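Structures follow.
Next, two complexes with chain A in common: one pairs it with chain B, the other with chain C.
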Partner chain A sequence: MKSVIRSFLRYIVRRRGLSALQLLGIAVGVTAAVGMMLASRSALKSIEGAVDFLRGGATHTLERPTGPLEEKVLAGLLTDPAVRTVAPVIDRQVRIEGGERIRLLGLDPFLDREIRSIADRIGESESGDVRRKIFTSFLFDPGAVLVDAGTAKRLGLSAGSIFKTSQGPLRVVYVFPNPTGEPLIVADIGHAQELFGMRGAIDRVDMVIIDDDPFRARWVRGFKIESNHQKAETLAALLGAFELNLQVLSLFALFVGVFLIYNTAMFAVVSRRRDAGILLAIGASRRQIAAAFLVEVLLLGAAGGALGGVLGFLLSGFLVKVVGNAISSLYFFLKPAALPWSFLNLAGGIFLGAAASLVGCLPSLLELGRVQPVRVLQGRTASRSAPTKTKNIALLGVLCLVVAGILFGLASRHVYVGFAGVFAFLIGASLFTGLAIVLSVPVLKPLFSVAMGLSGKIAVGNIRENLGRTSVAVAAFMIALSLSIGLGAMIDSFRQSVVWWMNSQLRGDLYISTKGDVNVPEDFYEELGAIQGIGGIDIFRNVPITFRGKPASITSIDASVLQRYDRFVWFEGGGENWEPVKRGSVIVSESFSRRFGVKKGDRISLEGADGPSDLAVTGVFYDYSTEHGVIMMDRSTYLKLFRDRTINSLGIFIDVTNPNRRQIIDEVKHRALVRGLPVATREEFHKRILDIFDGTFAVTRSMRVLAVIVAFFGIAGALMTLFVERRKEFGIYRALGFSTGDMVRMTIAESVAMGFISFATSTLVGTAFALILIKVINLQSFNWTVFYHFTPQPYLVTALTALAASLAAAAYPVWSVFRKYPAMQIREE
Partner chain B sequence: MGESIIRTYGLWKRYEVQGHDGAAIRGVDLDIQRGQIVVLFGKSGSGKTTYLNLIAGLDMPTKGRIEIDGQDLAVLGEAGRTLLRRNKLGFVFQFFNLLPTLTALENVYLALELTGVADAKPALETLALVDLRGKENRYPHELSGGEQQRVAIARALVKKPSIILADEPTGNLDSATGTQILALLVETCRAAGTTLIMVSHALNTCEYADRILRMTDGRIVEVSTCEALAH
Partner chain C sequence: MPRQWSFPRDHGSHPQYRTEWWYFTGNLQDGRRNKYGYQLTFFRYGLALQPRRPVNAWSIRDIYLAHFALTDGTRNAFHHAERVSRAGPDLAGAKEKGINVRVLGWSAAMEGKRIDLMASHREMALALRLTPAKPVVFHGERGLSKKGPGLGKASFYYSFTDLKTEGTIGVPGMTAPVAVSGTSWFDQEFGSNQMTQDQAGWDWFALHLSDGRDLMVYYLRKKDGAVEKESSGTLVERDGTSRHLRLSGIETTVLSRWKSGKSAGRYPAAWRIRIPGASIDVTVNPLVAGQELVTTAAMPITYWEGAVTGNGTSQGKEVAVEGYVELTGYAGTLGGIF
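Moving on, here comes the complex of A and B:
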């Protein structure tokens, strides 16, 4: 048995160039999966860590459904028999120089002792007197703050340093260790109230509750009470679709990797078939041969997986920042730190590489198990009959597409069903590559003949002749290119839809304070209202809520202003919706409507400051601001329900016919700047939204690149194998007088033609893939309609990628031709 | 009359070629005795290799029965036939069919290892027997055609099989080397009492045979002398 295994394993060394290509292909596939999984886990762990650290020993939080909570509520809580400990919190963000946002917590250092360890640690490394001095400074000096060690180090801060923020200068009195790695500034709650203009108000109360139900019964009206468990569920729900999409993206890259392994294993079978015939003839059993082949494939898979595990860890360092930025842009502030190195990464990589190899080599293993020694020892190869199989394989492809269609039909049951449909579609599409080659060759032959002479003609013929070998490489490459086109077209369509949405709903001439960390004082709104010539000011307030146990948000606007100036596009209803909104009805976003099954004419119940209120839904509008859904209402309704006067931002509308338009805009800008409020023109605001959009899809773009790299190794491996397998043929070419240059041209032509067929097929498959992502996956994951927009860019980028990858893939085989062809002879062994 | 080691009864092998039936073997009855050196002549396509493959259990007959050492191949099943090849049969092919990734010694030892022997000494001795001492660690591509065929013979001999099946063992060698190989193969088989069935179309092979058979269109006839064969 050892000799049988040895005879197979030595191929790895004997064909080391090819083995290296195969190993790298597997490694890149695993890198993508491990990198993305680690980045995803880092983000989750960071969220959990931050939540745990900030929550401390609290069991519950209490806040208003929207907006700040009056400080006087604390008195009632302190006397409640179910409450053991109470700690008021202000939880906001400040922007430091350079634009970075950092969380600022306002805490009561005395009450907070029972909940968190931060207050206890103030000055802990210092002696008694110094410690007291630091504590006193923290308590009484306005602008005195604690800064976590990581941020302090990064910004070069130490005790005594003063740094500028969007809320004014802050002075560091002490640097404390923060095990979560999240940047954090801590201020005394009194100072925090001053900083954010929240005198008499707090954001929430963290508590230790000893008797849940009676407490909830007493505080049910006008408050939102969340246990730790509920908070964790809310967070998970908030990130659920995003996380799932990240995981699936990484699986796409691994999927291409599995194709590559199948490719690799199939080539291995081609060269092992003869050996298997010999071994069977001299008395080896089929099981021994299969085991030897399995050892070879698994070893290569495990080695590639190990490399992928290490590279995936390195990649996660980059991806975690991209994921963190995307989560911060879309959901909540997060600066996740990459997970430290663990040997589990290596083990995980090995497992993935080996498992993918096992899946990828199964068809080849079955083929090897069916080897007929009589046939192979007579020199008959299975690939000769491959063209006859093309039709049957294509029929199998049709079956897969039918299965995919059924799964898409059932996708509304669960998004996983939709994803299963996507994979069935991709497998089905890949089964058509043999047919695509058969159909393309008659067209390509004359073209390549004109362009590259006889070498080009023979090269295209070779692709057809070696269909069994070339079709899998073309399939792997085609799938990677389809992913590139599909993801690119989906992103472009989504982007166009967002642009369309912005142009219809965000039509203000100026936007004040849209960055989320600076609110607009109410008196500033009144001040602007006094400026002559302003057509309307939309007062915008957005608050996250929990609706029927799931995250959603409430947005308050000025319905009269939007009715006059915006061009809302309605999913249900039309412009007539504004009149009932002015009278107290609400409109909901498409994602809200789909998630909660709420339609025009339905009624929804919201927990307001005075208890639940029933509201009529008068329309459904298109919206891409959040996939969790928006309930939009007029500000008057919002104030009545929640008594929260906070203004997040203002949209200023000026009639286009106003002759003083320019001066009014300048005046508003000037007044906002005097108040320290950020101002953006419509174009700037739209650009910022698109920047966030592009940042969100940075991960997707990374995965596109990785999938193409994986496929590149596939096509390079295929060419190399063809070169190795056809030595005898090359000897004949040489005898016939083909020069080294002719062979180089032939090799390049084969690669480019395979790239061309892959690209041509991928334009169809990629477009269909984009439509599936848009019409099935996006709709299921995010509950919003994206409109397909054709843009040439994904196709052009992919065409160039295909050409570059084909040429690059030919480099090593061409080098081998230069090195080996001049000495090749016609020989049997 | 010696002890029978190979018996075939009414052996037929049909192939379906492009829609119509073609028979490679047509009702062959044959009895070969232990230790005999049998040469099977015939033109290309006459069915010689097919007959050899049937005897080895690599291919199954369409009709008829094969007994090797008293065992019916059809009754043995796939696993039994594998064990038979492993323990009782040795193969020598025209194109040597050595595993390219194993050295000469490893190729020979492979056959031994399959029978469960964990000692490489017999492999070394057999390589010395076929005059390849000093070339044990060379890979097939580092050996000449004649040397590769010697390795193949060593691989067939090392496990001391009852039968060696040789399919055109000199077909890919020059005549001088071919003669040497032939002599070596026959001598070693005679010395070990091994039955040798050799397929050939080279007439000089006839001189080494105890028994001469000619195959024509799937049928076997006995030929009494080398001269008769030439006619």
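Moving on, here comes the complex of A and C:
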């Protein structure tokens, strides 16, 4: 037994190049899976950590359904018997130089000490007089702030530094340790009020409450009270789609990774058929040989897995940053920290590598059980039953596709059902590769024959002859290319849909203060109103709310202005929808309509400042601003309901025919500048939205790159194995008079032809995959319609990738040809 | 300079002075003769002469602190809590007319002659109604109480030494608040710069003798262990008349000591107090040994303030004694962030 295993292991050493490639193949597969999973876990852990840290000991929060809360509410809360602690909070953002947004919390250090540890630690590291000075400065000096250690380090700030922000210069009085990755600036609540021009108001109250129900009964009217439990649910719902996206990408990574490992392991076994035959012939038992195979494959899998675990950990460090940017532009201003190294990564990698390798070598092991030593030693390995087998496998593929179809039909039950469908589809598609090869070889043969002569023709024939091997390699390559095409086409379609939406709904000439950190003073709106020649000013306010226990948002706009200047695209209804909106009805976004099952003609109930209000829904519009859904209403309706006069931003519309257009635009820009309000032209505004969009999909793009790398190793491994396996045939070719150049051409042709078949199949599979992502997954998790839009780019990029990978994969065999071919003889080793 | 007192105005806040406190302590008993002690004190510390932005409610002038403690003689337990706040939007404050001081829901408010106290924290609760049985008593020279040598080292200090007290308290471990009655003592003190650099703390006694006399004694201890010679006392007779007691007329002996497990402070824990000039000779002991407050808020102060009981003789007759003792400066120096 030992000697059999030893003979196998010697082989690994002897074929160093191939072994290294196989090892790398497994490592890359594991890297992709581990990296993506670690990154998504790190990101979610960071969010949880930040949320926990900021929540502190609070059990409930109280706020107005929209907009700020009057600070005088605090005194009332203090006398409520259910209230143990209250802490007022101003929770806003500032933009620092360079454009980064950072959360600024306004807290009362006296009240807050019962909730959070931040205030209690002001000046903690200092003693006596210095600490007193720091604390006094924090309380008394306008612009005095605490900055968390991570941010301070990143921005090069220390106690005494002054830094510029959108709200004016701030002075650091103390740098506090922040256990989470969320950049934080903390100011005294009074100063925060002054900074944000909200005297007399706060954003919310964090509380410790001992009696939930009676408390709610007393504060039911005009307030939004959320317990920690509800908050956690809201957060989960808020992050749901994002989390799902990461999960899917992790699963894709795992899928591609396992496929690659499977592929590699299978080749490892196949390339040993001959050796197995020899060993059988000299008297080794089948069990001994099977065990030796297992040992070899498991060793390879474990080693590759271990390497992949480490590389995956390194990759996660990069991916976490990419994910972090997406989080920051969507939900929190968070810098997620990568999880620290854990030996679990290694263990997980080894497990993944070994398990997938084991699965990968099983079919070959079974085949090995039936190996006839004599036949094997004769050389040719192609099986005569190949056509039937191909047909049967394709039938299995059809079955998988049927299952996928059924799962898509049921996708509305749960988004995981949709994912299961995606995997069934991918597996099904991969089972067609054998058939694809059989069908495309007759077409490719004349093509390659014309281009490369006899070598080309033989090369294509070889693919068909070695179907058992080539089909798996092509399948792995094809799946990777399909993922690349599918993800690319999905992103492009989505992007086009967003562009289409922006062009129809965001048609203002200028947008003032759309960055979310500076509100527009109401008198500025009035000031602009006095400028002659402005066609209309849309006054925009957006507030997150909780609707039927789920996050959503309310947007207030000027219906008359939008009716005149924007071209809303209606999912239900048309331009006539604006008239009732002016009179107090609301319109809702497609995602809102789908999430809550609210349709045109329905009524929804909103919790206003004076209690609940019933509103008629008169239309549904396309929207990609938030997947949580938007309720849009005229500002007059909004003010009546919520008495919140905050203005987030303004959209300025000037008639195209106005001869003074240029001057008016300049005048508005100038006035905004004087007020320190950021102004963007329509183009700039649109570009910013697209930048955010691109940031969000950066992770997906990274995934595409991974898919391509995986694809490369897939095809390279397959080619090398084929080459190694057929060394003896090379001797025959030499005897037949094939030159080194012929052999090089043949090798390259074989590789390119396989790449071509993979690519051709992947255009179909990839496009179908994109459609599934758009029509099933996206619709399910985001509730919005994305329109498939063909762009050549994903296909071209993938085609080039396929070509490059095929050529690169041929490099080693070609080099071998140069080195060894001239000396090759037809001889048994 | 002695002060022209005017009440109820002078019960109120004196913002022109930097520090001020309203101090309520009392010895209570429920229907089953279980003994309790309570302390509810409000402090005002001026941090600025004017708030920087008077239009902003959060702009700080004063910081208000409150300490609330309950002593449960039956369960041998002591509970305390603290609150700190700036005035803010109606969160804390002291009005200038009459006793009307609040800190985050705890309050003392005078209505006519009656003073209502309210405080609750978790299972601790207190709602008491206090009615003076004797007129205001001024300490020192017409209410100017010297705290050290030199000008300004003094505070304005007066008391209601005998307040009839009724109400309810809730103590952790009880199923419901109980009705209680007893006697309270109220001190109001304000000034700007009372303590001198070389002083370490003080021992303060406020005792009710069962013959109707009330006795206040305070010792200012210097860092070198000596007693400040300005230390003194006040004796209030049954009819409300009072007289100043000089240090030389008070003899106090510490009979035992108690070491805190929380702060490692070593406090005196039983005393014999003799006022030969008034024929008083009494011994007092803490109702519960551990009545130490360890506060952590913006002004971390650790001190012992507790209910005491005792007995002895007054004018030749046997008397029972109840009251409160305050011991500061035994566990680290006074003064925190401010």
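Throughout what follows, the second predicted complex is superposed on the first by the 758 of 829 C-alpha atoms of A that agree within 3 Å, B and C clash if a C-alpha of one lies under 4 Å from a C-alpha of the other, contacts with A are read in each partner's own complex, and residues count from 1 in each chain.
Note that contacts are C-beta pairs under 8 Å (C-beta built on N, C-alpha and C of every residue); 3 or more make two chains touch, one makes a residue touch a chain.
What you see is a predicted model, and the numbers here were worked out from it, not measured in a lab.
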Checklist entry - Between chain B (first) and chain C (second), which does A:L111 come into contact with in this model arrangement: first, second, both, or neither? => result second
Checklist entry - Of the partners chain B and chain C, which touch A:I162 in the superposed model: first, second, both, neither? => result neither
Checklist entry - First (chain B), second (chain C), both or neither: which does A:G190 touch? => result second
Checklist entry - A:R199 contacts which: chain B (first), chain C (second), both, neither? => result second
Next on the checklist: By the touch definition at the top of the document, which applies to A:I406: first (chain B), second (chain C), both, or neither?
Outcome noted: neither
Checklist entry - Just chain B (first), just chain C (second), both, or neither: which does A:L454 touch? => result neither
Checklist outcome for this item: Dual-contact residues of chain A (chain B, chain C) none
Next on the checklist: Please output the residues of chain A touching chain C within their complex, sorted ascending.
Outcome noted: 71-72, 74-75, 78-79, 81, 84, 108-111, 113, 131-132, 135-136, 139-140, 142, 188-190, 193-194, 199-200
Checklist entry - Residues of chain A touching chain B in their complex? => result 1-4, 6-11, 14, 274-275, 277-286, 288, 373-374, 377-378, 828-829
Item to check | Interfacial residue positions of chain C with respect to chain A in the complex | outcome: 47-48, 52-53, 55-60, 63, 84-86, 88-91, 104-105, 120, 122, 297-298, 337-338
Next on the checklist: Which stretch or stretches of chain B touch chain A in the complex?
Outcome noted: 49, 53, 56, 58-59, 78-79, 82-83, 85-87, 89-91, 93, 95-102, 106, 109-111, 113-115, 140-141, 148, 155, 172
